[in-house]
Structures are given as C-alpha cells and as structure tokens.
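Structures are listed in the sections that come next.
Shared chain: chain A. Partners: chain B in the first complex, chain C in the second.
== the complex of A and B ==
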C-alpha cells in the first residue's frame, strides 16, 4: 500500500465510505450521493479538459445537456408519458430507440460532434476567449431548446420516468459509472496522452517543437470530456426521470469548475473530492441556500488565491509536514 | 409592423438606441479587458451591485444623489478586488479569471442573501416618452443615447490626451518599459480597474429602471459587452464604440425581420464565428494576446 500514490488512496477511501454509507442511508441521503457521483463525473471531465489539456471551458454543460436531451427525446418517441403534450409521443415506438445503452451512445456521439465544433474554436483561441466562446455555445443551446419547444418540451421539459425500479439500484449504477469514468480518465492522464495534454497546456510552442500535434490532442481532450460529460447527463435523466432546460443552465458549468478547483485541479481525483465536498456541504448548510453559495464562493476565491492545489494539495502538504 | 418603411424606421431607431446601451456597458470592459489585458469577471458583479445600490438608495436620498452614490460605492469594491485579488495573481491570466469569477459569484450570492433572489424594479427617473413614426420610446431609454455618446467621447479623449490615459495605454503595451520611465504600474492598473468599475456602474444605473433587476443580471450585459469588444477589436476603444452601434443594428434587424427569440442566437453565433475566423475583430488590426 505504501507505493500507492496519495490521490488514489484518497479516491479509494472516498468510494469505500460512499459505498458503506449507501447501505445504511435513506433515500434522501442516497439522492445526494447519486448527485455527487454524477457531478463528480462531470467535474472530473472538466478537469481532464481544463486541468490537463489547459482548455478552459466555461460551457461543458452543453455536453451534459446534449446527453440529457438525447435520452429525453429518444425515450419520448412513442412513449405514452410524452404523448399528451408533444408530437413525439404519438410517433410509433421503436425498441432500439428506447434501449438505454443505444440512447447513451447516441448522446455521446452527438456530444463528440459538438465538441469538434467547439474544439475547432479551441485550436484557434486560448484562455479567456475560449472560456467565453464555450460559455456562449451553451447559451445558444438553451435558446434552441426554448425555440424548438415542440420537440424538447420547452421550459417544461420531457418526462421519461426513472429507469431503475429502486433508488438503491440507481445509486449502485451511479457508483459504477463514477468508477468506470474515473478509472478511464486516470489511465488516460497517466498514459503518454496525459503527458501530451500537459505539454500543450504548459507550453504549446515547445510541445509543437518536440513533435506533438496540438490540434489533434486538443480535439481528443475535447471529445473525451464531451463524451463522459454527455454520459453523465444521460445518466441523470435515467436516475431522476425528467429533463428540462435547467440541465443546460450555466450554473452547472460553474459548479463543476468550483468543484474541480476546490478539490484540486489537474488531478481528476480532486474533482471527485470536490463534488462530494460541495454537495454534502450544501446539504449540511441547508439552513440557508444563499449562505452556502456565499461560503462556496469565498472558499473558491481562497483556494485560487492561496492554495492552487485545492483540498487535495492541502492534504498532501499537511501529510508531508506530518512525516517530517 | 407590416409596412417596410415603418420596419426600417424601427430597426434604425431601436438599433441605435440599443447601440448606445451596448457602448455604455462595453466601454469599461474594453478598457480593462481590451486595453489593460486583465480578464476581470467582477465586471458582471459591478453591474448587479450598482443596480441594487440604486434600488435601495433611491427612495432614501433621491434620484441624483442615489445615482452618484451607487456609482461611487463600487469604487471601494474595485480597489479591494484589485489590491487583494488581481494584483497578487496578475502574472497568471487564468488565475485572475478564476479568482475574479469567484468574486463575481460572491457579489451575486451576497445580493441574493441581502435582497433575495426575486426580481425587483427600479422606478424610471426620466419621465415621458418620444414618438417617432409609430414607435414609442420612453425618455429613460432615450437618454442612454446622448449619455452613451458623451461617455464614449470622454473615454476616447481621456485615453488619447491625458497623462493618466496615456499611462494606461503605455502600461498595456509594455509594463516593464513603463515602469522604467517612471510610471507607477500598480497604481495605473488600479486606476484602470476602478475606471472600468465606474463605467460598468454608470451603465447599470442608467439602464436599471428599464428592465427588472436580479442578482444574476450582470452576466447578460457582460456577454453582450464581450461580444461587442471582440467585434470591435481587442484593445481598440473606438472600435468598441462603433461595434456597439453596428451590433445594435444587427440585433434589431433580426428582432424585427425574424423573431426576438433568435437575436441572442445570432449574436452569439456571430461572436464565435468572429473569434474563430478573425480573432483580431472585424474592426481591429492587432491580434489578441
């Protein structure tokens, strides 16, 4: 065990505690844990894109929304739940389209296509320009949802009904999703691709000079992040059974950034810690929603200003001091 | 609105009026983001907090005093943000952006905590309306045009012809060389940020009575201002002013000829297209840093 890197130990401890908690938790706590798992995947995907490849996206929620709406729309075709308010419901149903795996994959593919459009901007733009451009793309999607209300259900959204019969199954599936996504990302960032990402982030010219193609790896980072975020979005629909334009709200993008940065960006694991930390703190401070948001923004400023390594970096420093 | 002449009149009238509003919001951002190259997202916060100051102060101290006070009260906030957030992080553009983003959220959530999250309304302080053809424009909306023009000319003259204005330009071009010739770089940066906050607050207090005010109200004008700054060319204040009016005319053409719900989409698509095809802006010559 002594050889395991700290982030991995922290991650395993987190998953064990989360799993153990689920055995004794009521459905209220389970809902919080499910949200923590879903947002952990989204926040970690953002971290992959921004923390590793340096592509500061403020609009990852676009991918989440694509995943969620693809499931919503495909599931609604021929579904009696949707027939009462949009045309899709009265179309003939197709067993292929209501297969969850097919829906998730279609959503992921659409998200990858969208990510190439945004990634193309990422090749030309850097820093704040890319941030604002991605932010803008998410805004456009939200407007389109409202304009094409006959397909998307507008602000009211689509009701597809939860996929799992019991919330415990939903929790188990969300944990599985998190473990799979996190393992995939950790393997990716520890492979040579992770090194290419970091090289491009730190000095694009130098990376180019040693033969790394920035365009190719930026697009790869965008596509991976988009696919995983889209899967998280699709899963949220399966878990809670509804999709509406709130899933595209810029608040979500901002929340994932807060989670990832607070937990420690450029680590993947930090985003997962951040997600659990912020979600549980939100619930603990339920007394006042405004107050908890206020505390998060202060925490965020303090982390950026004084501890760029986030909570994980802080833990590392404390442990190192303890060893000495 | 079937009459083409009437359509043309309303496109030009409301386009120019919108341009005046855009220029008000975009000038401060052009200064801090374009000229000084500081990505200060607190800008959105200044817009919101100034509107709420006006909302609270107007019934107590009257119109003129509350407008001046609301603008003045953003100055200490800007000074604190510059001294404790932007100055220590200035070497990293990304960190400045993230930290000021945190401050913008802090302001937004503080407003929610103090005033609540529901929309409020500030009463119009210019009464009356103008009629042009079949279009009616409220006085509050109309005065933004001359005030916007005045402030635009003021900022352009300030940058081009005063000692401090020239110092801002010189620091933006080369801060080390500016320091060598005796310019206090830190105080010039602080001046730029305070000036941008004052411009954001002035724009906010002028337009607050026109639409409802909410804690997150700053983001929408911030995005518009960003579009306009990019459109006009980063670092080109005159370009920003011209782009404001062009953008106002484009948006209102979409509004009148297609549908108001498409105007944001057209605007944002335009932004992304410009950013990808010509990052130096339609009217700009310099490439963004």
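== the complex of A and C ==
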C-alpha cells in the first residue's frame, strides 16, 4: 500500500482531534469548532480559486452572502418568524421553498450565476485589478441588502431559527459539510482540471499554447468556488438561525485569505488548518480587537516572508529535517 | 506535396510601426523551414500571428486547408500547430511529468507513460520526471518546453529561438534534440539567429528585415543574396 500524502494525514488528524474534542466540549467551544468548519470550507474555496487557478478574489464574501441570504429569504416566505415589516412573511408558505436542500441548491445556483458575471471580468482582468473588481461586487451587494430592506431585513437581517435542535448535531453537520467539501476539492485539484488551473495560474500564455481555453477553466474555478462558498454561507444560517449584512463584510474575505495563506496556499488542506488556527487565535485574543489585528498582520507578514508554504509547508520542512 | 501552412499577404501594424508587411510563404508537410533576420525583423510577431496570439490587420493564414486567422490560440494548438517561446514559458509549479501530461489531457488523449518517458529520455529529463519545473537549469527548461510542444505529435511545430541564451555545449544538446524530434512533428519552422546551427536543421530559409520578407530559398544560396548581406551587415563601403 502506498503512503498517504502528508496533507491528507494532517487533514485526517485534524478532523479526528476536532471530532474527539466535540465529545467533551461545551457549547462555547462547539461554536468555535462550527465556525472553524464553516470558514474552513470558505477559505479552501478561496484557495481553489486563488491558490490553484491564480484568480485573486477579494470578493468571495459575495458568494457567502448570496448563499446566506437565499436561505434567509426563502425560509422567510410565509414564515411567522420573520419580522412584520418584511413583505415575505405575508406571502403564502411553500413547503418546497423551506426545504433546506432546495434552499442550499438555489443559493448555490445564484452564486454560480454571480460568479459568471465576476468570472467574465476575470477573463480580462488579473492580479490586483481582478481583486478590486471582486471587492467592488461584494460592496455593491452589501449596499443592495441595505437598500432592499423590505426583502432582506436591512441591517437587522432575517431570523429563520436554527435548523438543528442541539448544537452537537450542528457541529456534526458542519464537520460532514467540511469533509464532503474538502473531499470534492481534493479530488478536483488532483484531477486533470487541477492541472489546467495550475497551468493558467503559472502562465496563461503557455496554457493557451498547449490548448487550454483559459476563459472556460477560469469560469469553472469561479463557479466551483462560488458554489462551495455559498453552501458554507447557507449552512451558517442553518447553524445560527440568523442572517444580516455583516455576513457580507469585507473582513470575512480577508479572514479567509489569511486562513489560506497562513495554513498553506495552493493545498486546500492548508486552508482548513489555517481556519482552525486563526479561529482559535481570534478567540484567545478576543479581549483586545486592536491587538488581534496587529498580531494577525504581523503573523501574515512573517508567514509570507519566512514560510511561503504556510504552516503545512513548515510542517513538511520540519519533518524532512527530522528524517535526516 | 500539399502545403500544410499557407501565409498570404499578412500585415500587422503597431500604431505607426509596420511589424509585418505583406508577408507570404508556405510550408509543406514533412518540411523543416528556418526564419532568420536581424532583431526587430518581425519574426516573432509573425509566429504570434500564425499561432493566434496576435490578430493580423490583413492577409490570411491557412493551416491544413482551413483558415485559422480568426481562431484563438488554444484552438490553433488543438488543431495540431504547437509552439515554443523566445523566453521559455513553463508551468513552474508543476513537475516535469505533469507538464507533459497537460497537453495530452486537454486533447482527451490516452496518457501513455511509455510515450512520455521516451520523449523525456530524448530531451534528457527522464531522471527528473518528479522535479518541479522551477528547479531546472535553463537548458533543461528549453528542452522541456520543446518536449511539451512535441508530446502531442503536432502537424506543425514552431520553435522560437531554441538556441537563444545557450552556450556551445547546450546548443549542441538542443540541436540533437530537435533532429531527433523531427520525426515526431510532421513539419517544423525554426526562428534562429545562429545560422550555422539552423543550416543543420532547415532545408529552406526565409529572411526577414524590417517586417518584410526579403529572400527565400536554400540556405546557402539565400545567404549570398545582396539584400540579405545588407540586412545583416549594413550598407556602405568597407574602409580600411
């Protein structure tokens, strides 16, 4: 039997530790673990787009918001839970629209449509220009949420109530989501499509010279990343029962980038490690927001300067030294 | 024998500069042709037009009997016209072996380990199949780029200055590789400044200067033409 690659061993170890911890953890720790799992999916989706396909996006939070608000809006139709000023609450309810699977899928499809709009910009733009364009899309979406308050609940958002009766079920579902999303992404990046993404990232002209259509595969990367991020956004609403315009805050996009880069960009697994690491650190530094920003910034610079492969790269290097 | 590539009256302007001016030539199946000319003659621009990386202003390029001038670069590659670049362009985050698999995957061709390894053997990279491209030496990068362009057995292979930036031993190595690969690509066009090495590969030459084709024919005869000598050495009398 061949040896398992290190990223996979690390991933399995993480999931095992996370699972074991959940058995003894209180609801506070479980909430951190749930957030870590949800953000791990979002960060890994960003990594798929930027780390593999080279499409630098500062606006992935738009896909997260689309997933979250689709669930919120569909769930609110005919629901007494929705605030009285939201017109959706007075509409007749439809059991199909309040089906969680349908809501997640609709959210995913809307995110894919949005990703095509952004992706077509990505065909013409690259690097910082693309990053700013994606950032602008997220900002526009956040403003639309505020403007159309009669549908979205404005700054107060929508209350749909948690889907799971117990936080341990929520945790188990979040872990399942992470395992499924990570498996899908790992299969994708290790397939021929992963090679096309890398080829476009490394040299688009060379990719075209060997026959790769960059437009097609950039759009594929955008659509996949958008769908998975949207699913994470939808799940967050199921987990915590509310959605408001904070989910579209640019700090989420930056956080996922930090998670991916700190864990190890271009690996998928690195983003998962990064999510757990950054979420834990965030909780440890919760008492001082200013201090946490400073520490995260310094950490980011240190990782980029001294360990471009992130924590996963550092672990690989340490193991290699240990073997010698 | 039928023409594989026919370039007819191709012109390309960049603002006020005419980079390629009314150039016509053709390449037959099985033929190896060289394009020479001083810097700025328009050779690489011509390559970029043929391979779809630049759009011509006028004229036509036909490949295998079909007009390709409106096709995009990746479509032209897929119909069997592949190329290398003056400045090596590789996938630096990919291993040597993966680099060779990409062109085959995109054509949905069966990946033959034997085929890839035999090609890597020819270019001297068999032992480095699992090495990342960014760890290779310059001559190895050049070799890999040629192998990547050849692995799909193209109908026409365009090599842009394959000897550029190499020392004598490395030039010999690349020359040997090209001669060995001549059977794998039906036809080859080589842009090169190093005439001696080019004469060992190409049976026919076209000479370009300031965007125009100034001569065409058998290498030895072409290089004797007054226009060609003038393009390379300049006009005027030699004063001692």
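The criterion applied here is as follows: the second predicted complex is superposed on the first by the 320 of 324 C-alpha atoms of A that agree within 3 Å, B and C clash if a C-alpha of one lies under 4 Å from a C-alpha of the other, contacts with A are read in each partner's own complex, and residues count from 1 in each chain.
We adopt the following convention: a residue touches a chain if its C-beta (ideal position, glycine included) is under 8 Å from a C-beta of that chain, and two chains touch if they have at least 3 such contacts.
It should be emphasised that the depicted structure is a prediction, and the values quoted were computed from it without experimental measurement.
Taken together in the superposed arrangement on chain A, chain B and chain C fit without clashing. When the two structures are aligned on the shared chain, A:214 is found in touch with chain C, with no touch to chain B.
When both complexes are overlaid on chain A, the residue A:139 reaches chain B alone and has no touch with chain C.
Shared-chain residue A:26: touches no atom of chain B or chain C. Between chain B and chain C, it is B that contacts the larger number of residues in chain A. Look at A:192: by the touch rule set out above, it reaches chain C but stays clear of chain B. Aligning both complexes on chain A leaves chain B and chain C separated at their closest CA atoms by 11 Å. By the touch criterion stated above, chain C contacts chain A in their complex at residues 51-53, 72-75, 77-78, 82-83, 85, 89-94, 98, 101-103, 105-107, 148-149, 152. Of all residues in chain A, only 192, 195-196, 198-199, 201-203, 205-214, 266 touch chain C in the complex they form. Per the touch definition, chain A reaches chain B in the complex via residues 56, 120-121, 124-125, 127-129, 131-133, 135-137, 139-140, 143-144, 146-147, 250, 254, 257, 261, 288, 290-291, 293-294, 296-298, 300-301, 304-305, 308. Within the complex, the chain B residues that touch chain A are 33, 39, 84-85, 88-89, 93-95, 97-99, 101-103, 105-106, 109-110, 112-113, 117, 219, 223, 226, 230, 261-262, 264-265, 268-269, 271-272, 275-276, 279, 288.
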